[in-house]
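Each structure below is given as structure tokens.
In what follows, subunit A forms one complex with subunit B and a second complex with subunit C.
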Partner chain A sequence: MGTIPNHIAFIMDGNRRYAKKHNLWADDAAGHKAGFLALASMLKYCYELGIKCASIYALSIDNFKRRPNEVQYVMDLMLEKIQGLLKEESIVQKYGARVYFRGNMTLLTEPIRVAAEKAMVATANNTGMMLFICVAYTSTDEIVHAIQESCNNKWVGIQEANGSKARNQAIRDVEYQIEEKAIIKLRDIEKHMYMDVAPDPDILIRTSGEHRLSNFQLWQTTYCLLYSPAVLWPEIGLRHLVRAVLDFPQHRSYLEKKKEQA
Partner chain B sequence: MNMREEMQKASSLIAQIGNFGLQLLWFSLHLSVSTWYFLLEIAHMVESCFISSGLIKSYKALNLGKLRYLAIVVGSEEAYQTSKVIELLQWLEAIGVKHVCLYDMEGVLKRSKEAILEKMSNTTVFQEADENDKLLAQKHMMLEFVSFSDGKEAVAKAANLLFAKYLTSNNSSEDEEGEIFTEPHMTEALRAVGSGGPEPDLLLVYGPARCHQGFPAWRIRYTEIVHMGSLKSMRYGSLIKAIYKFTMVRQNYGK
Partner chain C sequence: MICLRSLPLVPHELKSPLSSRTRAQQQHSSPFSQTLRSHTVPHKTLTGGGTATTTTVANVALSEHNDLNAAEEEEPLPSELREELMPNHVAVIMDGNGRWAKQRGLPTSAGHQAGARSLRELVEICCKWGIRVLTVFAFSNDNWIRPKVEVDFLMSLFEREIKSQMQKFVSEGIRISVIGDSSKLPQSLQKLISEAEEATKDNSRCQLIVAASYSGKYDIVQACRSLACKVKDGVIQLEDISESLVEKELETNCTEYPYPDLLIRTSGELRVSNFLLWQLAYTEFFFVKELWPDFGKAEFVEALISFQQRHRRYGARLS
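Entry: the complex of A and B
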């Protein structure tokens, strides 16, 4: 496995504080733009350090509660940047990254959904880094959605297996089975999580010194090292990433041991 | 011939000096980093002493209003040190924390429940039914014991409850699905399978790494997670400092 982490997750906190701090046109939009530049650099460093997978908390379902013009701005910025991913000179194409958009896509507008789909198709054959962009995402929504999908699948499976049996009869059969043993297993739920194809994150970096996960990958961070550097996201640099990566091997053996015991 | 031998000797000597130089550099780097961490540790100890003895005014009066529920995650090996756990709980009781959730992956603390409750007077085990009454007026400290099986496995159990509901709903139209598979229903289902405790405001990790070790995902959406170091070297002053810092945090909840 080596001493380089496989997957680093980023919570990009601090764009608005950065804008305020630097009095950038006195609005948050400039902070988000600066944040995007920082993201591009961090992805470049991840690629250079040989990190195979990165995930970012681009838009939380909670963020929809923000002021409408800020939400609109972020959506427009996102659309612009997603469309930019398709261009030759984009970082994604340069480093051969494969892009995945994960989250409750039904909460997004049609143009963004279409652009995201296009970007995923365009990068589907890339074999470099995997980049997970979590939009309209929260862990609790992910878990409920995974359960819903598992239930739907099981129901379809039951209907197919029972053929012409009456629906009520099938229900009675299954209910009886539920009392005896579980129909929906843990692996069914995990198969339907948004982040199913990603390895669990080894390190999660949240900037601005905030110490919470804010509903990001709560399920996947059982053995994940959490980092909370005080730096604001637009000011994050290579040294913060290196620090996290250098600390990783020391904890890896402890976490590996825990995984085996589980 | 002589020339070549001389050259070889010279290059091997240079290589040796180079090696030695690198080793010296590595050693001095290692030494300076170790010294730095050592000094940091001394500073923390001194600060902790000051805090414990009440010398630092700002830590004297803690506003515990925001800290309704505290969780402690302990590495499973360290969880065997029941006396240390009891000491920690006694500190928390002295500080005035009323609700504590104790977590370790393997359930060591669950098994030590009797031993812990014996040594702690004035504590009761958290019961779901009592939650709303006791939350407001309590003289006792409430303890909850949680392990890995209350996390993902409990979610799978709750999923089966929701599946049963889904099956017995009148039509399996999309609207019906939307009614059944919601976050509030999931919270209720988790409660029904016995894993529905409240969400901790603050989670203190006593172990080698800042990692929540599988604490039930449903309950740590906005929980502040702080690393306290190992249980063996826990300090009262560090505990006060962590709680104080928590009371100063302002959350936007995504807004």
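Entry: the complex of A and C
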């Protein structure tokens, strides 16, 4: 009965290197397909270990910079896999996972948006675990969006609150200034984050030995345990997850202290 | 410089995959095989004013004297490092002072003193090796809840260090900037910081950014508030708010290199702890198990070697 992390975030790095390593030269497809199988396994292990929430960096806005045919392939694969989530035998249905798609969805094609929406509706009543699939996502884009929303809400709020008061215009302007400066708080920005409904990740695992966040959940991982096993994503196994989970309890006491301070 | 107090002692140190690094082999100093790099150092007058030098005979002589000193002090890069792959901006979370002191049966203040020494040495190496910006996490916004005795000690250590290093900053062309919520710092320290920033604002050899009473999240909140005011004043439209505009409002707008290329955290902790947040989007992380007072040139070289071997793709692919 150890301490189990609540939320593990995954940066699934190494699909193409895996394909190269195993001489699957045909195209990038082989690596991504192997990657998807690894994802299915990891979600299964998370479920079995009692981890309530998982998030994955499925498609970064930066990935649109890749070669058009690779981008197209990833989009097609994504559409196929999202549609697959709706099937009875899918991993999501098997483990009762509720699926959330988070990111700048306007950057995706219509078919993907529609499929994602369907998947979210279909799994809305699942209570097994929560799965956050970050697509067309970067943290900086998420923060810009949250800033725009909070500026918009606060400004609209002030206008509505003060609209009917018949007071000297100059005084009102100064008050707006002071009020406005004081008004936007951390929580105002946070509640407009795409990932707001998720608890902050306790552990972030990035495979293939890369030690960086690549613009993934920067806000949410600021106290998170960062783990970078050298293994390539398609080769990740239960032992890697267990290792991270075993390291977690000592980290948790630090996190609890942080929560007390907040 | 004040240094981040270490986190509460953990029951035991678990060896993490990230911290299993081999120590750098003994570096060879091979001055004849490395090109000495020269730096453009705008020199300050000895009277310590805040303005750029005028071309008097005395100042030309001073300038030549300083150039000579700079060349004499110049330290070539170790042979393992490639000059063209050196990071422009290095960030450091200086963790482990408390643990270092405890291991030796010393008071925490001794750990912070030792940490200050480590920082002085790192600043010097960065200058010599052409690293343009060094940002250090000296005191987090989260650290204010530490025991008052320790916080007071850190504040006074910070003051002492600025005073004792001022001449060096001036003569070595180091610009000092402090980011964070300075309103929480003692008045005397706030004044000293303002003076130091003013006195060194034209220095361009190397910039030392000290994050004191800093929180990455609040950096973003204050940027958001500035943008809200600009929208309110009609300076910008809501839809103009972009990543570029946010970047300009962050406290790292005091430098032309706001994004660290490399982040080093000592003492084996594997997290960012509300240090720079936005700015670390593509930064390469290097976690070492050495405690901050034990982090020296050899450990820094090891971090740089690792950095230089990494392939930074920024989401795209290298062809």
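One rule holds for everything that comes next: the second predicted complex is superposed on the first by the 230 of 262 C-alpha atoms of A that agree within 3 Å, B and C clash if a C-alpha of one lies under 4 Å from a C-alpha of the other, contacts with A are read in each partner's own complex, and residues count from 1 in each chain.
By our rule, a residue touches a chain if its C-beta (ideal position, glycine included) is under 8 Å from a C-beta of that chain, and two chains touch if they have at least 3 such contacts.
Quick caveat, the model's predicted, so the values are computed rather than measured.
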Fit or clash between subunit C and subunit B when superposed on subunit A: clash
Partner chain(s) touched by A:184 [first = subunit B, second = subunit C, both, neither]: both
First, second, both or neither for A:213, with subunit B first and subunit C second: both
Touched partner set for A:230, first subunit B, second subunit C, both or neither: second
Partner chain(s) touched by A:150 [first = subunit B, second = subunit C, both, neither]: both
Touched partner set for A:221, first subunit B, second subunit C, both or neither: both
Those residues of subunit A which subunit B touches in one complex and subunit C touches in the other: 60-63, 65-66, 138-141, 143-144, 147-148, 150-152, 154-155, 183-186, 189, 210-215, 218-219, 221-227, 251, 254, 258, 261
Subunit A-touching residues of subunit C, taken from the complex the two chains share: 7-8, 10-12, 14, 16-18, 142, 145, 216-218, 220-221, 223-225, 227-229, 231-232, 238-239, 241-243, 246, 270-275, 277-278, 280-287, 310, 312, 314-317
Complex contact set, residues of subunit A against subunit C: 16, 60-63, 65-67, 70, 138-141, 143-144, 147-148, 150-152, 154-155, 176-177, 180-181, 183-186, 189, 210-215, 218-219, 221-230, 243, 247, 250-251, 253-254, 257-258, 261
Contacting residues of subunit B [partner subunit A, same complex]: 76, 105-106, 148, 151-153, 155-160, 162-164, 166-168, 172, 177, 181-183, 186, 208-214, 217-218, 220-227, 249, 251, 253-255
In the complex, subunit A residues that touch subunit B: 60-63, 65-66, 138-141, 143-145, 147-148, 150-152, 154-155, 171, 174-175, 178, 182-186, 189, 210-215, 218-219, 221-227, 251, 254-255, 258, 261-262
